[in-house]
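Here chain A shows up in two complexes: once beside chain B, once beside chain C.
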Partner chain A sequence: MTEPNAAAPETAAPDATGLSKRQVRRMKRFDNPWRNPKLIWGVGLLLGIIALGLLGRIFWDTDMVFTGSGLPRQAPVGIENMRGQVGSWAHPLGTDVTGKDILALLIVGAPNSLYVGVLASLIGMSIGIFLGFSAGFIGGRIDDVIRVGSDVMITIPPLLILVVFQAAYGDISLTIMAILIACFVWQSPTRLIRAQVLSMRESGYVQMARLSGASTGHIMFREMLPNLVPYLFGSFIANVTTSIVTAVGLEVLGLGPQRVPTLGRVIYDAINSGALIQNLWWWWGVPTLLLAVMFIGLLLINLGLDEVSNPRLRRL
Partner chain B sequence: MARIPASYLTNRMITLVLTVLIAATLIWIIPRLSGLDPASAALGRMAAGGGSVANADQILAQLRETFGLDQPLLVQYLLYIKNTLTLDFGLSTASFPTPVSAMIANALPWTIGLMLISLVVTFIIGNLLGALMVWEHTPRLWKAAIPVAMVFTSVPPILSGLLLMYVFSTQLRWFPLSGPYGLNVEPGWTIDFAGSVLYHGFLPALSIVVVTFGFWALGMRGLMITVQGEDYTTLAKAKGLRPRYILYRYMIRNAILPQITAFALKIGMLVAGQVLVERIFAYPGMGKLLYDAILTQDYPVIQGVSFVIILMTALAVFLVDLIYPFIDPRIRHGG
Partner chain C sequence: MTILDLKNVSIDFPTSAGVVHAVTNVSLSVGKGRRVGFIGESGSGKTTTALSAMRMLASPGFVAGGEIHLNSLPQSNLLKLGAEEMRRVRLSKISYIPQGAMNSLNPVMRVENQIWDGIVAHEGGVPQDELRRRSDAALASVGLDPKVVAPLYPHELSGGMKQRVCIAIGVCLNPDLIIADEPTSALDVITQRHVMQTLRDVQAKIGAGLILIGHDMGLMAQSVDEIAVLKKGELVEFGPVRQIIETPEHPYTKELISSVPQVGGASFLDPAPAAPARGDAADNGQPLLELRAVSKRYGSVTALHPMSFTLDGEVPKIISIVGQSGSGKSTMGSLMLGFNDPSSGAVLFKGRDINRQSADEALSFRKEVQAVFQDPYACFNPFYRVNHALKFPFERFGLSRNAAHTREAMEEACRAVGLAPETVLGRYPHQLSGGQRQRLIVARALMLSPKLLIADEPVSMVDASLRATILKNIHDLKDRHGISIIYITHDLATAYHVSDYVMVLHKGHVVEAGPPREVIGDPRHAYTQLLISSIPWPDLDRDWGSSDDARAALDRLEQLEGRPETILRGDIPGFTLSQG
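== the complex of A and B ==
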């Protein structure tokens, strides 16, 4: 994979000012922070995952996620498995131990992981915005409760509580899992927004709005919120990563939704069926690769957003 | 040695106590809400093992009494809190009648050892690399290589564990596939045993280090950029101090402080990640114990392990908070 970060500078010979031609061109261009290469690459990678889910459903038979869709433990195209069978185009990425088609599993599973992450993060974010504004803007007793609450909850690892939950309840749906994860990802946006609101509260334009008799809701959401957008985006993306990591963690432990294909579940099945020892690398390798692409995409988006909100980080 | 302000101390204490209480309560409430009856579950397991159970009603009543289920909910809750705080989690149901606390005591040293090593190594590597990303005297090759290395850091530790395991254990066979020490060494305080433990622990630790150093590096990068623009850095340069001296004594020394707070917040996440790494490497720590307990539906063990890990996290955060005022004097002066 090309790394946009490493490829950016030193393309042309430097001129008298010590800047390369590319950098000079960059300086002359109107500065639109959102046209950030990292951001674009990251969004592109995530769109790739979504495209896999959408196009896959059109061009591939996703009913093959069910047991017995093909012979078990088939290798991908062009690779021979331990029994000397060469993979066929009927199952381009091979099959698992119960004959599920791995390509179909990935087409259904990859968007599911993304869905859990985005949903959990959206809910967590909404809670965070609400609590963060309340704590920072209203202050007093409410601030104390919210601050201590988020301090407490931030030290409890979500995975463990979810394990306890799941051991008691058994099967859960993707949406329930997302809601449960959301209960543990509201703390960092709450803290972030509280800190920002506290420093913003005393700024001129907020004072101005207050003196003009604007309502608390108007000041919070129309005056202050727009200024927080880059931070909110950054926090949102970081939370999507955390949520997906938690969800995949649950799935790899064999918990999480039992009837819906997810990437973590595929890896769980692979480890449990001895895919590592039997050298069936495609079984766990391809879902791992997809997850890695997803996480790298999210990381690039986050780095890009950092540069959007903090001009000091930008390069020429 | 200056004193820590009392308000700061009480604040931290309250957080610690609340964290432990809330975690214990959550662990207690969740299964009760599900309507799962531990007594009939235990009876069901007996029936599954023995084919049938005679005098089921009496046994059920007996089990209810042993589990304390015949008492009012509040009494049950208070008893549970008392037992939990004294680290008494009852008996394991899968490997009956081993006390859960004994199982945890066996697993805990492995987990703590692995965690401490990987935490310290990532903290050092991550912060150094993050500082080097900003420092103007960093060799070019390094400046190009560090962002590339970042790619790994967005991956959860379980995936890096799988990859490292595949490459180094099953393909190259440089490192063992699983287990805490070799089959041919006797556990004890011998050099052979220590070597074997290090050899077996290398890959699990590496898979955590590889994916976590980037978190520190990125944080450090942001902080270093701020420090780089400060007047004292400019002054140090103007005085003609050696660049390396400025890097360590002026820049890193100041930029590292917020990282230590982040250290406390990150511990919880790291522990959760490590649980999964232990599971795939069959490392006999808390993660393995938890995983086995999930497989055998051993509820007391699941509760105990979850609680102990949360307790450890909360204590670690508390300790970092206690040490912090001594590292950053600004806290002591109410800054």
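== the complex of A and C ==
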């Protein structure tokens, strides 16, 4: 019998001598990959939007989303509108042509847009996980059906179907819209997960689990799923972006929910009421800016997650 | 006259955990026309050292100190060259033959175009006839017929041919130094001999220096003039091959040499205990494992021709299945584990067909038949600590009484395979070495105390110095714990020592079978003879033969394809085999 621990790690141990302080500090940062600056900034931006929705409801009067809450066409604080009226603190971001308060619209509308995106993506991911695992793990006829189905669905432009659907049914709720959008965001997670499951199914640890008498459910959810988490996160965030783009697209066409303020709806109203000609830039500009912040936040999260799950992308 | 001088070379890799000193203070010289072998385990810095001469270290590695001189250059210090000058040196002065030829050739380019690429990159516009003449000469020099091979795409070539194409690319500009990075590690022994001899011949012809990187002492003994032994980035011994092999000085070199098992040599196993543990006969008088005319076809390819055997588990045995890749040996393993259905015939465990079992029977079958797989790196789920792999089956099969009992059983199993429980349990797989992981898998099998263990190439991906230890662990399972073992391997030497019965598989046929002393010690079948003569022995007086021998051997193999015959070389009690 050999002495225990004969198999010590083969490579020489790292040492930290001869490095500048700055390098050492940057190395430290990689001890915990989740402390990734991109990820932190992205999450920060999104939390900012959520905070706007939550704090706004406490500190601002959200009833001002209704017509006639203030004077129409007021500019933001300190800025003069075309009539020579200077904006006041009563409406810090100004008002639209019917006197709705823009800040109140954003406080209600931004979380609504985010809600549609997250809900649609959650539903799409759930469908994708279920179908992807079924296709990859069971294989055979079921795999063929799911694969062909998702490939066909990918080729259909979602906006086309959604426009027809919404035009036919008119006013719909946010949740229905999210479900409709979810019908078009399950394909790519399905394909992604199917591919991963196919390669993982033959891996050593899945074989080991089979040898250990593990049930199919155990293999799928306890052995495989945890290793898919980085992919799922990335795919989820990408789907949220797609869903919000789709939702805003529909809303700007005037096909979104009619009674609930959303960012896209505000932009639609602005375009429809000639905000561009009347130079009411704050009406469409501020919600557009907020959407941009939302997308940048999502993009940064996605880049950050990439670096977390793939150490090669990290730079010293 | 030396061609390459390394003077006190150190190479560092800054990583997130600090600087890794991959190579420390290595000095050596490669003579003109000499062959130098770099040998060491994975992570010992052998490839890194060689690649530093091409200035092709993987990012973020860099040469932290020392000098590298290529003496055929007017300004010999390679580290002082600019990027463009260095580009000119690569391939034309120093060429590199990569490890995996299958991944190194461009799949969408014809072989000859890939050779022309290198010539054009170094010499600019060369007329088409001239290019063709030179690529044909390069291919002919590695023993490939340019008329046939030149217009082919890489997927139309076999592994050995692809590796020879890589050699042709490497030598087409007559470099002064060739670096070959484990050029044969993906090939079977018969092809390995041919490729190595081709490389030796062509190197001798152009008079270049050769650096051969590898971990196989036997291959080194047959191929090089001088050996450099590296360990953890340090050069522990450097000298002529005969001196290193016959009178090694450093204990690590001795360990490397003694870890290569030889047919007929001293056994590396502990002597068998006087009263070996008894297996148990199946309760219903049925044999432990029985294959009834089992065959396996994948589409039109027959991986395994019908064969039958019975193994009664009364006295535990180790049955070796030996063969090259594609011989059907791994197919047999997965058939016996029930991972694959046989195309015809049936696999019976204790008299029950393992592919027609109820859920309860399947679970008890799983408990009694366990496996050790080839790749210790893939066998642990990276998400969990290693305990998961040991604990989960133990609890799943209802062997655990409580958490403390599981813990105790895990620690005991670890100690039984020579691991200190506190250093391995509770760690993540990536924190352990390959050898530690493979021993943990053996410990896992031990905990479950199965009746039968299928060991599919258990040591082929483990560093040489640990192979003997792991085989000893597996052998102990038989002697001390009464487990019958099916040992699947391509390595005849280990099969010789470990097993009670050997069958040699070739293209899905059993060509020779019997006790190891007969089959491997004195082979009768042409294929077995060929296998054994192709093994590179770490013995300088046992020559490998010339490249003509190797080519003749390959031709003989071609002729064998047609007429499979089984030579049975005697029986052992408790095991019977028949073809068909």
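Remarks
Definition applied: the second predicted complex is superposed on the first by the 291 of 316 C-alpha atoms of A that agree within 3 Å, B and C clash if a C-alpha of one lies under 4 Å from a C-alpha of the other, contacts with A are read in each partner's own complex, and residues count from 1 in each chain.
Here, a residue touches a chain if its C-beta (ideal position, glycine included) is under 8 Å from a C-beta of that chain, and two chains touch if they have at least 3 such contacts.
Everything numeric in this text was worked out from a predicted model, so none of it was measured.
Judged by the touch definition given at the top, the superposed model places A:V245 against chain B, while chain C stays out of reach. Contacts of A:L299 after superposition: chain B is touched, whereas chain C is not reached. Look at A:I161: by the touch rule set out above, it reaches chain B but stays clear of chain C. Using the contact criterion defined above for the overlaid structures, shared-chain residue A:P226 touches chain C, although it does not reach chain B. Look at A:D151: by the touch rule set out above, it reaches chain B but stays clear of chain C. With both structures placed on the common chain, the touch criterion links A:E80 to neither chain B nor chain C. Contacts of A:D61 after superposition: neither chain B nor chain C is touched.
Within the superposed three-chain model, A:L211 lies in touch with chain C and out of touch with chain B [touch as defined at top]. Counting residues of chain A touched by each partner, chain B versus chain C, the larger count belongs to B. Residues common to the contacts of chain A with chain B and with chain C across the two structures: 1, 3, 5-6.
Those residues of chain A that touch chain B in the shared complex are 1, 3, 5-6, 148, 151-161, 163-165, 167-169, 241-242, 245-246, 248-249, 252-255, 267, 271, 276-277, 279, 281, 284-285, 288, 291-292, 295-296, 298-299, 303, 306, 310, 312-313.
Interface residues of chain C facing chain A in the complex, by the touch rule stated above, are 14-22, 24, 41-44, 60, 232-233, 337, 339, 362-363, 366-367, 370-371, 373, 375, 377-384, 389, 392-393, 396-397, 415, 418-420, 423-424, 432-436, 439, 441, 463, 466, 469. Interface residues of chain A facing chain C in the complex, by the touch rule stated above, are 1-19, 23, 27, 30-31, 203-205, 207-214, 223, 226-227, 311, 314, 316. The touching residues of chain B, when paired with chain A in their complex, are 14-15, 18-19, 22-23, 26-27, 30-31, 33-34, 36, 144, 147-148, 150-151, 153-156, 158-159, 162-163, 165-166, 169-170, 177, 218, 221-222, 225-226, 229, 264-265, 267-269, 271-273, 275-276, 279-280, 290-291, 293-295, 297, 299, 302-303, 305-306, 309-310, 313-314, 317.
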